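Pasting the structures in now, so scroll down.
Look at the two complexes coming up: chain A is in both, with chain B in one and chain C in the other.
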Partner chain A sequence: MIERAERAIEPSLTQEMEITGEEIERRKAFLEFGDEDVERLMSMNELAQQYADSVIEAFYRHLLSFEEGRAFFPDPALLERVKRKQKAYFVRLTQGNYGPQYVEDRLRIGLLHERINLPTKLYLGMYNFYLRTVASYLLEAYPQDSKKAFGLFLSLLKLVFLDINLAIDTYIHKRERTLRLQQEAIREISTPVLQLRQGLLILPIIGVVDSLRALQLTEQLLRTIRSNRARVVVMDITGVPVVDSKVANHFIQTVEAARLMGATVILTGLSPAIARSLVSLGVDLSRIRTVGDLQGGIEEADHLLGYRVVKGEELDARARPA
Partner chain B sequence: MAVPILRQGSYLIASVQSELTDADWVQLGDGLAEQVGRHRSRGVIVDVTALEVMDSFAARALSTIASMTRLRGAETVIVGIQPEVAFAMVQLGLAPTLVHIVTALDLDDGFALLDRRTREDAEGGRGG
Partner chain C sequence: MAVAAETRVPIASEADIVAARQQVRALAAQVGFSPTDLVLIATAISEVARNIVQYARRGEITLSPIEQSNRRGILIIARDEGPGIPDLELAMQDGYSTGGGLGLGLPGARRLMDEFAITSEVGKGTTVTMKKWARPHG
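Here is the complex of A and B:
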């Protein structure tokens, strides 16, 4: 499961998440992570190699004792693979060289965990477990020199916080991207431009209109005017809950832009409340054609385009000689 | 670059093929106003399909051209303003400059519009 996902990941997460070399340095500076920390960590490497297996074993025993943890390891082969990777990471913590490549690796691993939906409580819990276990091993290794042991531990703590931060950032980054995509999708869906007849477009607007949506809406309308060779557009705002002066100005801009392309816009569906608020705000809509409801708007549009809608029976009656 | 002015029946067509300098716009306006009289044209079509940018001077120039030709007895239609250009113009607040000019989607629609207008005028003339 994990290896398959790994191959699909794009190469430079650091770029995508804008974690530049400078940014890495800033983060390290904030944690006061310096050269002496790197030295201290590297001095622990031998110890880490020695204890890696027992730390990893202890951790997975702990993780698997929880139902939520077990759910991630349906088969033993996977568990073995993940253990190997965890061990590699555990040793990596004390191997120095915490530059861009190290950061990229952390982000990649963070994204993997996000993909398999590992809850952050387990993620952070894992780090906590490591730190506690390592702390006790360090005290064991330097029974006479607890000050040294504590110094080593603090260096490790800084690095671990750097890593945690990166991992959590991938979670946030991923969710934000999903959110953005969904917002785009909603916007796309919510402003369809429909052709009712040759030369006549309907633009039903539903929901709150903000600046961004107004821009998109205008762009989409203008493109459709060109592609469908529309001459009249009925813009219905029955479904817009609030129209303040800002939104009204957006509508005015849309109408003017459409006019520059030779299309007439008819605005329909202004509710009494919106009409009142526009009047009291002093918004001047006199340059815009407004009609009460969608039906009236379409009738007006038909008139402008020279269409006449006549019931079949009436037409028959008229055609019959008197 | 000077814009060639073509005659098509009772209409004049000026097709702007590249960005014009301020002087070019003035020259185009003078040329159109002069030829409207010479050919007794009823309509003018300025085609700006090829323009990717329209600044405030160009917008004002178009508005001036429309007013000048109207005084000389011909209706002007601006055709081919691209979606991006229309959008940018509105954003720049240029739309009020063009509030009195007539627009159409393209040359085809521009002709249709002029035909309709001149016919209405003729009918109105008979009625009065």
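Here is the complex of A and C:
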């Protein structure tokens, strides 16, 4: 009952992973999994029910004989629960109706395994163990008709490959999602706009500037210019390895937008190599104020804002009455 | 010193452009280019890779080390099967762009490299061939 309630709330994995009904059909077609396979699988149902217990028990004995396998089941209650689910799955393989709900269940199980970090080698090893065990049971069940046994086995093999594929897809899907989230997180933290003094912002840019990052960078800068009432921005690109015409164009547009907001941008940290490549490209940076390094840029910014940096002792000397 | 043979870089996204730059930097460093030249070559490959992504959506860049009468260099061939360029002369002019860019990509790449050739057929695709030779240094 609890499981059902959870299911209603979470978005379906088939949707999230874009495994539509058509996609399921395409996968089946590629495996040449047809109605006769469904029939053969269903004809094995009785056998499956009969042997589910012994197959699953044998598998977990095998799994637990490995150190790596034991690590996943420190809790006997968990082990029993997993075994029950595996027995149900084992029988489910022979119950027909391998449609969207079947696929959704497979994906959910795959995700569960991904979540506990079950290595794929154990996952695939499990399927291999099942197949080997089932093969020997089938030969036993049809001692006079090994051809029939083999036919049944091939149908099972198709379904198992469909299932393995779905399980691996959930692993890939989950990892890709993690990767995407990390990239977004890196983008968020990689464009800090810092206020150095009243009216002066520093924008250090490090790494690769792609279109998305350039857009975020510009937006964040413009927001900060407004909220901090900044008048000068020092944009340092010491950490940008290559500036091609597209990236240069991004920079020019950022500078223009900042200018419209009433802030002057000083570009610093152009390496000699980047300066040469910009000249070769023919990028017109004449409208952008550039200063060699970050220190020079801050000095220029202070000058524009009317600040003067004076050493403490000089100030003391001046304050002392003559 | 052994230099790697041809390297192929499939181009279909912005991430691939970054990959192409990294690959060409690594190869050019092996060939013996100066740090400044590495940046120039990386910029040139960036321009042609961007053109592929923007106009053809996908294509391929091959990188190979080359040698000719005692000098070493790098050969970059960028191929796509995109829409092609109807007027090459126009496309090679500074400031001409149909994609809203600065229009400096192809002419810029030509200036960054030592040799540059482009062939294109409308509906068939475009091939850019570029070479740069390492100057003895250090």
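Please note the rule applied: the second predicted complex is superposed on the first by the 291 of 322 C-alpha atoms of A that agree within 3 Å, B and C clash if a C-alpha of one lies under 4 Å from a C-alpha of the other, contacts with A are read in each partner's own complex, and residues count from 1 in each chain.
Going forward, a contact is a pair of C-beta atoms (placed from the backbone, for glycine too) under 8 Å apart; a residue touches a chain by one contact, two chains touch by 3 or more.
This one's a predicted model, so the numbers in the text were calculated from it and none came from an experiment.
*Asks:* Quick check for you: in the superposed arrangement, does A:R287 touch first (chain B), second (chain C), both or neither?
*Replies:* first
*Asks:* With the two complexes superposed on chain A, say which partner A:S211 touches: chain B (first), chain C (second), both, or neither.
*Replies:* second
*Asks:* Does chain B (first) or chain C (second) touch A:E68, or do both, or does neither?
*Replies:* In the superposition, A:E68 touches no partner, neither chain B nor chain C.
*Asks:* Touch check for A:R226: first (chain B), second (chain C), both, or neither?
*Replies:* first
*Asks:* By the touch definition at the top of the document, which applies to A:N249: first (chain B), second (chain C), both, or neither?
*Replies:* In the superposition, A:N249 touches chain C alone.
*Asks:* For A:L260, using the defined touch cut-off, is the partner it touches chain B, chain C, both, or neither? Pick first, second, both or neither.
*Replies:* first
*Asks:* What does chain A use to touch chain B in their complex?
*Replies:* Contacts found on chain A: 218-219, 222-223, 225-226, 229-231, 253-254, 256-263, 287.
*Asks:* What part of chain C is in contact with chain A in the complex they form?
*Replies:* Result: residues 14-15, 18, 21, 35-36, 38-40, 42-43, 46-47, 50, 94, 101-102, 104-105, 107-108, 111-112 of chain C touch chain A.
*Asks:* What residues of chain A sit close enough to touch chain C in their complex?
*Replies:* Residues 208, 210-211, 241-246, 248-249, 271-274, 276-277, 280-283 of chain A touch chain C in their complex.
*Asks:* Considering the complex alone, what residue numbers of chain B touch chain A?
*Replies:* Residue positions touching the partner: 79, 81-87, 89-91, 95, 98-99, 103-106, 109-110, 113.
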